[in-house]
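Here come two complexes built around chain A, the first alongside chain B, the second alongside chain C.
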Partner chain A sequence: MTQTDIEKGAAAASPYVPKMARIVAADQMTETERFFRLEMEGEPLAYEPGQFVGVTVFGVGESPISICSSPTQGERIELTIRSVGLVTGALRTFEAGDRLGIRGPFGNGFDTGAMKGQDVLFVAGGLGLAPTRSLIRYVLDKREDFGKVTILAGAREPNLLLFREEIAEWVERSDADTLVTVNQPDKDWKGNVGVITRLFKQVEIDPARTCAVIVGPPVMFKFAVLEALAAGVPEHRIICSLERHMKCGVGKCGHCQIRGVYVCRDGPVFTYEQVKRLREGI
Partner chain B sequence: MLPQVLKTSDLGAWVEALMAESRVAAPVLKETNVSDPTDLKFGWQYVPDPADVRLDYTVTVLGPKKFLWPPRQKLVRYNLGAGAEPEAIIDHEPHVLLGVHPCDITAIATLDAAFAKDVPDPHYLARRSDTAIIGLDCGAPCDESSFCLDMGSLYPESGFDVMLTPLGDAYFVEVATQLGEALVEAAVVRPATKQDMEAHQAFAEEKRSDFHYKLPYELKYLPEILDASYDSLVWEAIARQCFSCGSCNIACPTCYCFDVYDEVEVDLSKGCRVRRYDSCQLDPFAEVAGGENFRQERASRLRHRMFRKGKYILEQTGRVGCVGCGRCERACVAGISIKDTYVQIAGSR
Partner chain C sequence: MSKMLFLSEDGLVRLLEAVKASEVYAAVRRERGPEYCHLQKVPEAELALREPRPSSSLKAFLQPAKERVAVYTNEGFDVEASRLVCEDRALVGLRACDLVAIAYLDKVFREGDFKDPFYEARRESELLVSVDCVAVHENCFCTAVGGRPFAESGFDLNITPLESGYLVEVGTERGREVVDRVADAAAEPTDEQLAERNAARQKSIDQVEKQTRGLRVTDKVQELLLAKQGTDELSEMAARCVECAACTFICPTCHCFHLYDQVGGEENFERIRTWDSCILGGYSRMAGPAGAKPTPRPSLRSRCANRLLHKYAFSPQQYGMLGCTGCGRCIEACCGEIDIREVLRELIGDTSG
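After this line comes the complex of A and B, so read on.
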């Protein structure tokens, strides 16, 4: 480390200062999840599917949140936020016209280049649909770049299912197979019932050319990986997005560290092959 | 600049001259009423009076890290209400750290690398580039807890502006940078003579014979030895004693993990984002929403610290994560020793 390295760094802009964004649409999707569409007040955000941002509620704090839109949709970014605590709870009252702070984008995002020409199987449970949706939208918008597209989505109950209308549109599409299941149906539910892994029986997987993108709560993740492996999908083409405690997003604060890896910088997207080697990964 | 000599009796005048230019931090005596002189407790602080400087100190409870990276640091300020207009708070002024031992010089180099790499952190680096470091060489180990020789921190080649070597009633003064030259210009020094140089050499030779290796292997093998120990029950065995209090992290000169939170002024007109030291030994450190905690077991947290110090930081920054200062062991109520741990895992396969 030379003095000049230190000086160069001292003059750099602080990575901790949020940029301002305005909410252009807000929608209470479920009891606990709120959807936001944001417009940056300065430069639009350049991002990849699978990346995340730090969302600031001024006076309250900041939380890492996945971008759930795709860059193919234009300059606005979309977020789906589950209210679980201080920051995410405060966001429940935010409406169109309100302003937030945004840092990022952070993380590696999905390797869309490596998926090109492949079949893509999405397995998204619960809130896992938020980060997955960024890639689903991307793949559907660049449909000719990919092989067969299969979307498996699951929720505990029908009223907890995110992006219901959009999923209905995906179901209608002839160039993608979309299956939805809930663990506990209500009286109006006409679709599949049971855990998401049951849907594997209904789809055909060509293991030689399939990328399985699996995002959801840890238990779901484990069983879905098992199904993908059973179908013959190799470990390096099973892809997931990890959640960790994060405070900085730039590889400094140490909170997101799994052994030698910083999830905020080296992830949050990893292959199962990588996660397995991390040991503390799942 | 060729080596100079500063008489011990002229140190006070030099400190006073330095204090006229900027603040000077140095070790001072914190606790005096002890029966055994080796129990004297020294601490780093901004010097109120040149007479308080104690360059005869053995080891300080905490290192000089706090001058570069305060325990609590404001990062961003913003308005509450219509326009938040967040802006960075980069708070620094020139200061001198006087009497930094080799282990702490090495520790600062680790922090420098960590905060400069990838995304630079100007909140640290601005303070760092405004910091002059006057090193002070050690002639003998501070105590049983230290293992700086093993960790390669006993002979720093850079990271200081001036290096002082105590030679009886004088200091041998070596200048490493231009800034160092300017500092030494404020002192009453004379060029080192042949005898001074011989005395300096003799000090170095005695130093070499006074320090002994405490690990049964070379530092370069430590990352691999740690890897081999990953599944060992040794972590659970050591963790039985651990209280997960985090004192080890607080005492460590290379720990740089932090927590971030927001604060609001009483009149609700402004807020700021603050970071403070955090500890990987505390239970919520790796917890996420939904209560999932990926290092729930105390043993896995203890192992994480030992791996971070011996392997991860080295791999990330190219600098040692542990400088062998022994502070974590001295701070630990349970007497957990990183040195003994690194010895104990040597046999793991």
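After this line comes the complex of A and C, so read on.
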């Protein structure tokens, strides 16, 4: 083996060559979701909330994964990975000390500048909480830059809820309203029951100054958008993050193309105004 | 030396010998028609400069069907080995439509925040020698998409075949270096030769125009396509499509690729990229159990529509130019006998043909 790029301390010129990262913490959050905290072996990653990285498991392949941490948390990056395929399946056995390849960050990220001074309403369902968390942490860390903060989180079952301890901390905060619901409660569940859109009844939304960040499975997205629109939030201030089959991450390989955009480069964050016109009605 | 010069048959042979590239790929005569091939490996091959465009596109010389883009071990990526070392090359006998395709691929791979180092390395090491189409393939329709059967820019050297000899136009300093090596064989073009060139060019335009029968992909056509995308009018195209993806592989502007990792040896891995096609069902399928995650374009009809619209409506939004050069290669490659000109005509509502 010749000297690697990292050992030489040089920056890789090719967008297809990952940089090395070491896992510093790993935690099985649910049966299928695993949490990783990574430290880059070279330069730390400079990223924005809502961006994603390509994660390489050596000899297996690469998957596009949202960064679930906020740059305000420091130099390490955090990922929540659902095991559904070849690469993410292999990651189930990865522990602290193991190494991964990281390409990126890719994508546009959330437009935090445009949200400044506004009320922020987060609606995160299931794994949608991972990319949303990067912005929630960012907003809570820069709390004075934003208006009222409301967090609605939902999961199918209590044991599928991600970041449970952290959500408990958010609930305790006096400067944010956090509501959690599950579709199917177990005998220990004492909170809200039902689909996430039911929580809209419990919150007050000032449509003139609210950004609604809605990330979750397609069916949740559809109904949550209807609720936000009904509350009077304009389409350009309803924000979501799209999921697509991304390979290169740099707008060249074509896999995530929808009409005239590449989700990896022009997204994954879009406003509902944009998404409406991006439907695969073809 | 003038920008234009005349060379005899022998002079042209000398000119091509003066192209001192390690690898020369040229349009040559083959049994089934002209093809691009590695000239040094087939030295007996005769150049096809007076024949219609080759049936395969030039894209493999810029983005091979399969290549290694990274090498790594469990220790990390080997940046040196992940770099492309590119020999200097020459592509001879390119058509105007091929140069349009290069202009399109340049926008994809050389512009924006991320450049493709492999494409970049090949482009920088390549000398482009184009030739006017004095013969036109029956499937050619370049004039319908704003093209012409001869190049006016984008080449290092351009050749116009005449009755007796060739006119060679110098496009770049790099091209000039080549003609300078055969300065003694070159002559100033006469007015008759220049007039012959103009006449030959007009004749080719007339021929393409005749076979396009007035088809024009205008802005209005693009709007029409966008408006009709949800209708059933593309169903026939999908009914004839056998999902072989030949159209995308033969297309000079289709550039989609797949990336995957494989074991290259003991504790040695490679990242490979291969051509991929949006016509194939698994193209945009996401990870997950069947049914749990949607494939954004599950129906063949939606994939056919996406390909058509990407060429004629989305590419202008993305790159400011059409994704179709009018080379017509997809027409002869199609196993379902789909003629993209007829598809366009039907969508536009032109039933004159």
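One rule holds in what follows: the second predicted complex is superposed on the first by the 268 of 282 C-alpha atoms of A that agree within 3 Å, B and C clash if a C-alpha of one lies under 4 Å from a C-alpha of the other, contacts with A are read in each partner's own complex, and residues count from 1 in each chain.
Note that in this section a residue touches a chain if its C-beta (ideal position, glycine included) is under 8 Å from a C-beta of that chain, and two chains touch if they have at least 3 such contacts.
The structure displayed is predicted, hence computed values, not measured ones.
Undergrad: Tell me which partner A:Phe58 touches in the superposition: chain B (first), chain C (second), both or neither.
TA: A:Phe58: touches chain B and chain C.
Undergrad: Kindly classify A:Ser174 by the partners it touches after superposition: chain B alone (first), chain C alone (second), both, or neither?
TA: neither
Undergrad: In the superposed arrangement, does A:Cys253 touch chain B (first), chain C (second), both or neither?
TA: In the superposition, A:Cys253 touches chain B and chain C alike.
Undergrad: If you stack the two complexes on chain A, which partner ends up touching A:Arg244: first (chain B), second (chain C), both, or neither?
TA: both
Undergrad: First (chain B), second (chain C), both or neither: which does A:Gly101 touch?
TA: The answer is both, since A:Gly101 touches chain B and chain C.
Undergrad: Where on chain A do the contacts from chain B and from chain C line up?
TA: Common interface on chain A, chain B vs chain C: 1, 5-8, 10, 12-18, 20, 56, 58-62, 84-85, 88, 99, 101, 218, 243-245, 247-248, 250-255, 257-260, 265, 280-281.
Undergrad: In the complex formed with chain B, which residues of chain A make contact?
TA: Chain A residues touching chain B: 1, 3, 5-18, 20, 56, 58-62, 82, 84-85, 88, 99, 101, 217-218, 243-245, 247-248, 250-255, 257-260, 265, 279-281.
Undergrad: Under the touch definition given earlier, write down the residues of chain B that touch chain A in their complex.
TA: Within the complex, chain B touches chain A at residues 75-76, 78-80, 84, 86-88, 90, 109, 112-123, 125-126, 128-129, 158-159, 177, 230, 256-262, 264, 268, 271, 273, 275, 278, 280, 284-290, 292, 294-295, 300, 304, 307-308, 311-312, 315-316, 319.
Undergrad: In the complex of these two chains, what residues of chain C are touching chain A?
TA: Residues of chain C touching chain A: 69-70, 72-83, 108-109, 112-117, 229-230, 255-261, 263, 269, 271, 273, 276, 278, 283-289, 292-294, 296-297, 302, 305-306, 309-310, 313-314, 317-318.
Undergrad: Which bits of chain A are touching chain C when the two form their complex?
TA: For chain A paired with chain C, touching residues are 1-2, 4-8, 10, 12-20, 56, 58-63, 84-88, 99, 101, 218, 243-245, 247-248, 250-261, 265, 280-282.
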